[in-house]
Amino acid sequence: MFRVSRESLNLQELVDFVTDPEAGAIVTFIGTTRNNNEGRRVIALDYDAYAEMAEKELSRIGAQAEQRWKIRRMAIVHRVGPVQITQSSVAIAVSAAHRADAFEACRFAIEEIKKTVPIWKKEVFEGGEVWIGTQSGQPLSPGK
Amino acid sequence: MFRVSRESLNLQELVDFVTDPEAGAIVTFIGTTRNNNEGRRVIALDYDAYAEMAEKELSRIGAQAEQRWKIRRMAIVHRVGPVQITQSSVAIAVSAAHRADAFEACRFAIEEIKKTVPIWKKEVFEGGEVWIGTQSGQPLSPGK
Amino acid sequence: MKVKVKFFAILRERVGKGEVVKEVDEGCTVKELWATLQKDHPKLAGAQTRLLYAVNQDYVSGDHVLKERDEVVFVPPVSGG
Amino acid sequence: MKVKVKFFAILRERVGKGEVVKEVDEGCTVKELWATLQKDHPKLAGAQTRLLYAVNQDYVSGDHVLKERDEVVFVPPVSGG
């Protein structure tokens, strides 16, 4: 299950999806909107996604994790649209026979999501808003 | 929330407990009964606990984690009694401002549980049963 | 030939819409397409911020040659999670 | 004086009950209590398997001296999780 969704995330749905009789461990990660960032008072995060490609990239992360670790199943759902304080923007669940694999694959997944998946967060804070990762007000031009 | 319980575990309850406006990450671990172990076909695990002391030890693990990592909240619930295949024996949830702390503290908690908390699992498998960690049929005598 | 360009995040805001269809010459690369877009939308022009390129939902290099009906996305630094 | 001993897991099964109250002498250590219990319950006697000791829900060493009404638990290798 690799999905971009406008609805609020249901962790239990992911856990049910990865539940497996051969699994002895399930590790989950949830990213939640924090009320502060770099000294700013955050009101909400607002996510935009290139959804079709993002789902493809999430599947690729799942396939990579399966190659690197002995895992049973993985599920990732990323939300788009506004995500209020304490609400979840991303949920990952991984099952494995043994816990070390589940922990490492789950950690890998969130690190990769932050690197390669075409999803962007705009931070709405008291006094303004900013697309994270993009210097505010600076013009854009292509890399190599 | 550090608890030993006879009821089936509710992960969402733990996640709700650790949800915090200062947290950007929640990591959870669930231990589930696997259908096989060391070549045996497992039917169920049956947990016994010295409940009052186990809860004290779980709190101690929480306090240690708070000293070592920058976490917001932690919850651990361990089940006693029979736990069928795919069902959960233990659930841990940790929230933190940043994900590295949440991952490390959660991993620490499950490793410590397996070392110090007075809870024991009996594996019921096809053809017999065994208390894990105790050589079957061998008499017992004190250490140092 | 025609290609479709989709804009997301800060690019969507600067262009003021999520999608344009562009007429480009045979042999046009994604990097060349970007240069054309900067002329159409002056707010896209300017200094150096790392962009990646995706064509039909796969990352490609800047000298990737476009084909009829390709879906092109210029990917500002991602920040999901 | 009297102390309460609780049995769990494999010890509970071998003794056939979860709890006994034992009369012990002043100055009795947990290790000495274990020796007494082995006489009462021959199934507890025998070779070397690591046991830990807990008194009133804290781990203690074998030479910990018992007090009236202490709650004593002999802890076989734990296997929670």
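Each chain carries a letter (A, B, C and D) given by its place in the written order, and its residues are counted from 1.
In this section, contacts are C-beta pairs under 8 Å (C-beta built on N, C-alpha and C of every residue); 3 or more make two chains touch, one makes a residue touch a chain.
Source: prediction; values computed, not measured.
Think of each touching pair as a link: the shortest run of links from chain A to chain D has 2 of them. At the far end from chain B, in terms of centres built from Cα atoms, lies C. Centroids of chain A and chain C (each the mean of its C-alpha atoms) stand 24 Å apart. Centre to centre, using the average C-alpha position, chain C and chain D are separated by 74 Å. In chain A, the residues that touch at least two other chains are 31, 110.
Shared interface positions of chain D, defined as residues touching 2 or more other chains, are absent. Every pair of chains meeting the contact definition is listed here: A-B, A-C, B-D.
Taken together, the chain C residues at the contact with chain A in this complex read 6, 8-14, 31, 34, 38, 43-54, 57-59, 61-62, 73-81.
Residue ranges on chain B touching chain D, taken from their complex, read 31, 47-50, 52-54, 56, 78, 89-90, 110, 113-122, 131-135, 138-144. Partner chain A is touched in their complex by these residues of chain B: 11-12, 15, 19-36, 85-86, 95, 97, 99, 102-103, 106-107, 110.
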